Every structure is written in C-alpha cells, then in structure tokens.
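Chain nomenclature is as follows: A, B, C and D, assigned in order of appearance, with residue numbering initiated at 1 for each chain independently.
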Amino acid sequence: MDIDIDDILADLDRDTTAVDHTFTSQGNDITVLGNDEPNPEKAEVPRLSPVKDFDDLTTHWRNERMCPELLPYPHLLMARMLRRVQEQMEHIECLSMGFLDDESNNSAQNIANKLPLLCMEADLERLKFVLRSYIRCRLFKIDKQSLYLIQISQTGDLTVPLEELLSKQEIEYHQRHSAILLKLLNSAILRHMPPELQAIDDNDGSVKMVEEPELDSFVFIYVKGPDYPHKQDPMLEVNEEGQRYYPVTIQELKEEVELTIGGIYVMRYSVIRDLLKDRKVILI
Amino acid sequence: MYGDLANKLVLEAKRIQQLNQNSSCDQLPLYQDGLVQNILKEMNQLKKNAEILKLQQENDQDDSKITRCQYFVTLLCMERNKRCLMAYQKLRSDTLDSIAWDNDGLDALSAGTVSNQGSKNLSHFEQEYLKEYSQLITDMKSGDLADIDLSGSLTSPSDVFIDVRVLKDAGEIQTEYGVFNLIKDTQFFVRQADVERLIRQGYLQKL
Amino acid sequence: MGYYDIDDILSDATKFPCRFNYSIPGLGYLEGNVGNPIQKNAKIELPLWLARVLAIIGANADEDSEDALPFLELMTPDMLSTRVMNAIKSNPVSLDVHSINSHFYALATKWATLFNDALLVKILNVMILERSQEINNHAASVSIDSMVKNDPGMFLLTLDESEKQLYKDSHISCKEMKQWMIRR
Amino acid sequence: MSLPPNLQQSFSPEEIQFIVENEPIKIFSRITTRPSVRQRNSSQNSARWKLVTADDEPLNNLVAMQTTEVALWVALLLKQQGKCSIVAPSWLTARQLQKYTDYERKHPERFSDLPWNWLVVAQLLFIKAADDLHDPVHVLRGIVQDLREIRLSKISQGLKQLNESHLQLDNLSLLEINELRPFILGVMNKLKQVHSSLTTDQDDEDVF
C-alpha cells in the first residue's frame, strides 16, 4: 500500500504548482465506483499509470526543449509510450469499425454517439504530438552537437554512455547523418585542403571546430522541490523567513543564491544542472 | 588580399540566412561554384607558399622569426579560407535538412518541390546529400517510430474536431466517421484534418 | 559563437589598425604592396582574424626569451576611441551603433578579452541595458493590422547585428502572442 | 534542421496552451456514463472511454447534474458537444479579478499571485465557455486586459534590472514568461558574455 501513499504525496506536490485546482486523488474513486477490471488495485499501479507517464513525458519534453545540452533518453518510459500509442491506435480502429458497420444512423448523429471515440482520437493526437515534438527536438540537438558527441564518446568523457544517452534510433540517425554530412564537406572542401587542415574536428586552430553545448547559458526554472515533500532532503535549507531553499553558487561571480521552493528563476544552466538531474527543478 | 574572396562567400551565406529568416519556406539560391573554385585556387597558392616557407624555416637559423611570421600569415590565411568555405557549405546543408523535413522525407528532388528551379541551384554533391538525408528521414519514419509520424505537424493539436457550415453544395464525402452529405447551409461536426482542403477551397466555413 | 557562426566570421573580418614590430620581407601584399617588405613600425590595417594571432605570438621560437616582442601591436580602433566612448556615455540610446560598426558588441567583447579591459566592459554593460529597453519597446509595440510590414522606422537601422537579432526574436515572440490573444 | 527556428529557443503560445490544457478543471456533467449496477455486472463493455494522456476514470463515471474533474481539453470538448458546463475557477469573476487588479496597482514592485495558467484559462473559457462564466464576458475580458497591461508595464520596469547573475520572477504565469523569454535570455546571455571576457588571471591561452 505504500505505493498509494507515494501517489497521494506526488499529487499533493503537484497541487502546489497549480494554484487553481483542488486536490483530487486519482486512485481512490476506482474502488468506490467500481471497475470492470478483475483486480483494480493491481491494474492501476499508480506509478505506472498512463497519466503519470504522460506527465513525465511532458516534463522530459519541456526540459529537453529548453536545455542547452542533450538530456539522457528515458528508455523505459519511451518504450511504454510507443507501445501505448500502438495499442490505442488498434483499439480505436476496432471501435470505429464497429461504428461503421452500424449504417442505420446518419452521420451527424453517428458522430454525436461517438463522443468517447472523438475524445480518444483527440487524446491520442496529443500524445503523438508530444512524442513527435520531443524526438524532433532531440534530433535537432543531436545534429547541433554531432561532433561533440563523437568526441566525448571517443575520449570517454561521457558521464552517461552513448547507448544510454541516446535511443537506438537516435544512434543510427547520428551515425548516418554525420557520415553523409562529412561526405559532403569532404567532397566539396576538405579534400582540397593541405593535409594538416583536412580535419573536421580540429580544436587547435584559432577557433575550435567542435562546438560544445553552452552550459553557462541562461534557462528559466521552476523550483519544484523533492518528489516527496515529507521525506528529508539533505540539500534543503531553511532561511529566516522559514522558506525552504536550495543554496547554489554561481562560480564565475562567486555569488550565492537561494532557490526557494515554488520560485521561478532565470539562472545559468550549469548552476542548476544537478538539481535538474535530481528532478528538484524543472525547466520552464 | 588573401581571404577577401572567402569573405564574399560568407556575405552570401549571410544573405541566405536573412532570406530564410524573412520567409516561411526555406530556399537556396544558386551554389556559388565559381567563387568556391577561386577560393580553392587561392588555397593551392597558399599551400605552395607554406611548403616553401617550411623548407626555409628548416634551413636558415638566422632570421627564423621572419620566416616564422611569413609562415604564420600563410597558415592563418588558409585557416580562414577553410572556415569560410565550411560555414557556407554548412549553412546550405542545414537548409537542405529543413527542406527535407518539410517534404516529409520524400525525395525533394523528384517530388518536384525543389526541382523547378531548386535542383539547378544545388551543387552535385548537395543533390546527393539531399537525396541521402531524405532517405534517412524516410527510414526514421518507419520502424519503431512509424506510429507517430515523425515529419508530421509540430503545431500542438487543439480543436481536433470543429463545427463547419456548408457554403456551397459539395456532394458526399467519405470520412472515418461515415458519409457526410454536404448541402448548402447545413452544419456538421467533423474532424478538422478531414475537411481542411474543403475549407481552403471555400466549400466549408469553420464556425 | 561557434566555428560555423556566420556573424562571428564576418565580425572577424573587421580591419583593425596595427603596427609591426619587425620588418618582414615579402609581406607587403598585406598593405597592397606586393613583392615588397613590411617595414618595422609600419602602421597598417589587418583583419582581426589575422592581427589577433600575430599580436600574441612572439617572434622568437624560443619561448623562454623574455624580450620576444609579438610580431605586431594592435592599436585602438576608431570604434573604441575616446570619442566614441564619450558618445556612448552621453547618450547610448540614440547612438547609431550600426554606423560605428555592424558587429560592435562582438568586436568590443573580443577587444575586452584581449586586453582585459574592465572599463570597456562597464561601458558595454550600461549600453546593453539602456539600448535593450528601447529595443523591447519597439519589438513589443506591434500593431496587429500592420503585421505584414511593421515599420520600426529609422530605429532598426541604428542597431548592430546582435541587436537586430534581439529585436527580431523579441518581435516574433510578441507578435505570436498577440495573434494568439485575438484568435477567433 | 529537424526543428524550425521559432521552436529552437522558445515555445509557441499554442504549446503553452497545450501544456495548460492538461490541467484539471471542474465540470458539471449533462450526461451519465456511469454504468448501472446491472451493466457493471454484465461483461458487456459499451464504448467506454479509455485515454492515454488523461485520467479516464471520471469520464466513465459521469453522472448528470453532478460535478467532477477532468482535463481542461476534455472539458472543452464535452462543452463543445453540449455535454457539460464548465465550473469557472473561483478567481475568474469580475470581483475577484478586480481584487487582483487593485493589488497590482497598489504594489508597483510585486505581482499578484494569480494562478500560473491564468491567462490561458481565461482566454480559453472566454472563447469556448462564455455562457458558463459568472459575469458578462466583455466585462471579464476588459479586466483581464487591464491586468495584462499593468503587469506588462511592471515587467518592462523590471527589465531595467537585468544582469549577468540571475533573476527571480515569482508569480508570473507561464504564458507571460514565454512571451518575454527571447528578450530576457538574449540580454542576459549578452551581459554574461561581456562580463566573462574579463579573466582575472591570464594563464588561459586557449582563449584565442
């Protein structure tokens, strides 16, 4: 049952971000109102609910869009999501087949009867959109940092191995795209250069050729706090006004800043990088 | 002066950038082959100079600083030319990427979108690149990601379904939701994607 | 700011005045004097991509040698002269930066890097803040009717490339927002 | 490039709307979908709602004349079909909005604590559920416009304080932040760049 408690806590936490809605628990009503599932408790493990997954996916999408570096690919979540899209497409197809057979209705009435179906189609479109936009954004960043990714995977400077950082498809995309781009640059330019200038990743010239992500660039953050507010977070401190905050340091300026829970800040990415990794802030 | 030609090429790159910033669809003007060839010729000249200077540097010890300076200048000129050439080509290949995505990963050359004036504007290597990149997109769209239509719209969906009024008779249309008989002044609730064409053609009006 | 950054490449082509510390035969072509040497103390204008390196690389291959002068000295360019600095200080907002240099900030920042010029940084800071307010005012005052050809007038012509980019980005954002607010 | 330039640095207002549409809102149902006891016991499964992005439980248990909570986009779809009315959030009344406006006027240095999605929710309900609001929509629109303008002018006052360190923007809504994002990031990144050109120690030769 402790899973349920986690879920409720998570919901409570979410509630602080949305000022205008009142708290509801998603889990409780199931048993109260009944469910066709033979075992509702097990069928709806809160942590793996579609809604929670979609919430997570949306956060990944928003973080990725605003983050100067490429964030690790959520392999399990994405596998679940892609499977869910497929299942839902089949499910919808099944349902609409049933409706088409039912020729007696005129179409205007037909569509009204299909309200659940309409809703499910719109719902599926929404999920597909986030997935599409998320992956397209990642491909864009992979292209932008193509040489850098190669460089760090060769020198072993990766905090996360490439196979974890990228999905299988992304790895293939990265390899194939950098190969055809290199072919183009080679044929058009590089092979005409003297040998010492033929490299595409020469960092010893006046200007470095390999572009690194600008980790110091500014991002907008929302300080969410720990996933479970009741658990102790050793990184949190409390100021004189009783607000809980994460102390951070802007290295370059040797400046200390308090990131209060619930606050919105514009901050250098490098300063909040670890907090983002721990899901204590989100990029907005 | 060395590097002047290369600068011209970068100014052309800047022009392409501004062109595409101010228009909704990406386009590529003519590949500046003559200019590129002339810069490559200049590179050859510089290459020769550098080799001579290198030899000199190894031979005379007395005035090494002079040869060093001459050598550095030559090296920097080559480096500069390389950067300008690369930036020009990279800007163009980036634009080709956008064109390929806009074309759904279909081969933009044979699909006709680029072919009219476009393919003439591309260098031979660029045509090859566009073809290969389009193929890459097509491959990405199939397989595990087939269901999400990777090259589909990046505008967030709201209003998947809309109310429309029929402005002129348009006969029957078949949709996933059955047959609609579009008679003037009737109203329907339809999926926006199903009727987008009819709205554009003036048969239907979004309410 | 990367290798492929078109504006960075263009800004690097700006010519800066410099003075050679040595006579170098065969470099006369740099001042349009092919075949002849460049004389010691000759004052010529070189693009920054060339001058910057020659100004920090010593003439002596032997790094230990203390008295090794760099090949040349960079001299303060017009765009950073006292006259221009005073003009900035007296009225940054109405200044026609574009006419001074279309890559003013990029170049000034490079200069500040080369010479660790704290005073220049201070002036730039004030200048950015004051001028960006004005840029924001212009970018935000988009009339939805004249969307196709919004006319920011003479103002746009006085911006340097980075300011133009800031204006464009802000302008598009404000425009999209206004369109969203009035739809249907 | 696989992402259009306008989406590389920021979100579009439509995307912000999308994010807000996933938040729950109260509705007053006009239909019943909750299966009767008999139906529940029979194995027959009549076109039930099964969603992948939002909680479908309330949708399968709608009871006419009762309130429940669903995702905003679902609420708008049901509303469009005349299957529900939307319970306007408590802050979306002329009286409440006027209070916010008064606060904004009284405190030139602060922003009232409007919900983080106020502008999107207000605009969406104005367009799609005007008849569910407690006050005439033109009145509400007017106050919302006032609020927006007061806050915008405060923001532009605040923009004079931009610096190379950081900025705190409490109580600004996501849409308001998004509108200003390109400007704020552009200026702050530029200030940072200018400031970091000064190195306290010169041992870094790789600068060039």
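By our rule, a residue touches a chain if its C-beta (ideal position, glycine included) is under 8 Å from a C-beta of that chain, and two chains touch if they have at least 3 such contacts.
Per UniProt, the chains are A = DNA replication complex GINS protein SLD5; B = DNA replication complex GINS protein PSF1; C = DNA replication complex GINS protein PSF3; D = DNA replication complex GINS protein PSF2.
Computed from a predicted model, the values in this text were never measured in an experiment.
Visitor: With contacts counted as defined, which of the two, B-C or B-D, has more C-beta pairs across the interface?
Guide: B-C
Visitor: Chain with the smallest distance from its CA centroid to the overall CA centroid?
Guide: Closest to the centre of all protein C-alpha atoms: chain A.
Visitor: From the mean C-alpha coordinate of chain A to that of chain B, what's the distance rounded to whole Å?
Guide: It comes to 27 Å between the two C-alpha centres.
Visitor: Rounded to the nearest whole Å, what is the centre-to-centre distance of chain B and chain D, using the mean of the C-alpha atoms as each centre?
Guide: 34
Visitor: Measure off the straight-line distance from the CA centroid of chain A to the CA centroid of chain D, and report it in whole Å.
Guide: Result: the chain centres lie 19 Å from each other.
Visitor: What positions in chain A touch 2 or more of the other chains?
Guide: Only 85, 112, 114, 118, 122, 126, 129, 133, 136, 139, 143, 206-207 qualify.
Visitor: What parts of chain B, by residue number, touch at least two of the other chains?
Guide: Each of 21, 76, 83, 86, 90, 97, 154, 156-157, 161, 189 in chain B touches at least two other chains.
Visitor: Hunt down the residues of chain D that sit against at least two other chains at once, touch-wise.
Guide: If we look for residues of chain D contacting two or more partner chains, we find 1-3, 7, 12, 14-15, 17-18, 73, 77, 81, 181, 195, 208.
Visitor: Within their complex, state which residues of chain B touch chain C.
Guide: Residue list for chain B touching chain C: 1-3, 7, 10-11, 13-14, 17, 21, 64-66, 68-70, 72-73, 76-77, 80, 83-84, 86-87, 90-91.
Visitor: Spell out the residues on chain B that touch chain A in their complex, using ranges where they run on.
Guide: Answer in residue numbers: 36, 40, 43-44, 47, 50, 76, 78-79, 82-83, 85-86, 89-90, 93, 97, 123, 125-126, 128-129, 132-133, 136, 140, 143-145, 147-150, 152-154, 156-157, 160-161, 176-180, 188-191.
Visitor: Can you list the chain D residues touching chain A in their complex?
Guide: 1-3, 7-8, 11, 15, 18-19, 22-26, 34-35, 40, 43, 45, 47-55, 57-59, 61, 69, 73-74, 77-78, 81, 83, 89-91, 113-118, 121, 164-172, 174, 177, 181, 184-185, 188-189, 192, 195-196, 208
Visitor: What does chain B use to touch chain D in their complex?
Guide: Answer in residue numbers: 21, 94, 97-98, 101, 154-158, 161, 163, 189.
Visitor: Please name which positions on chain C make contact with chain A in the complex.
Guide: Residues of chain C touching chain A: 1-4, 8, 49, 52-53.
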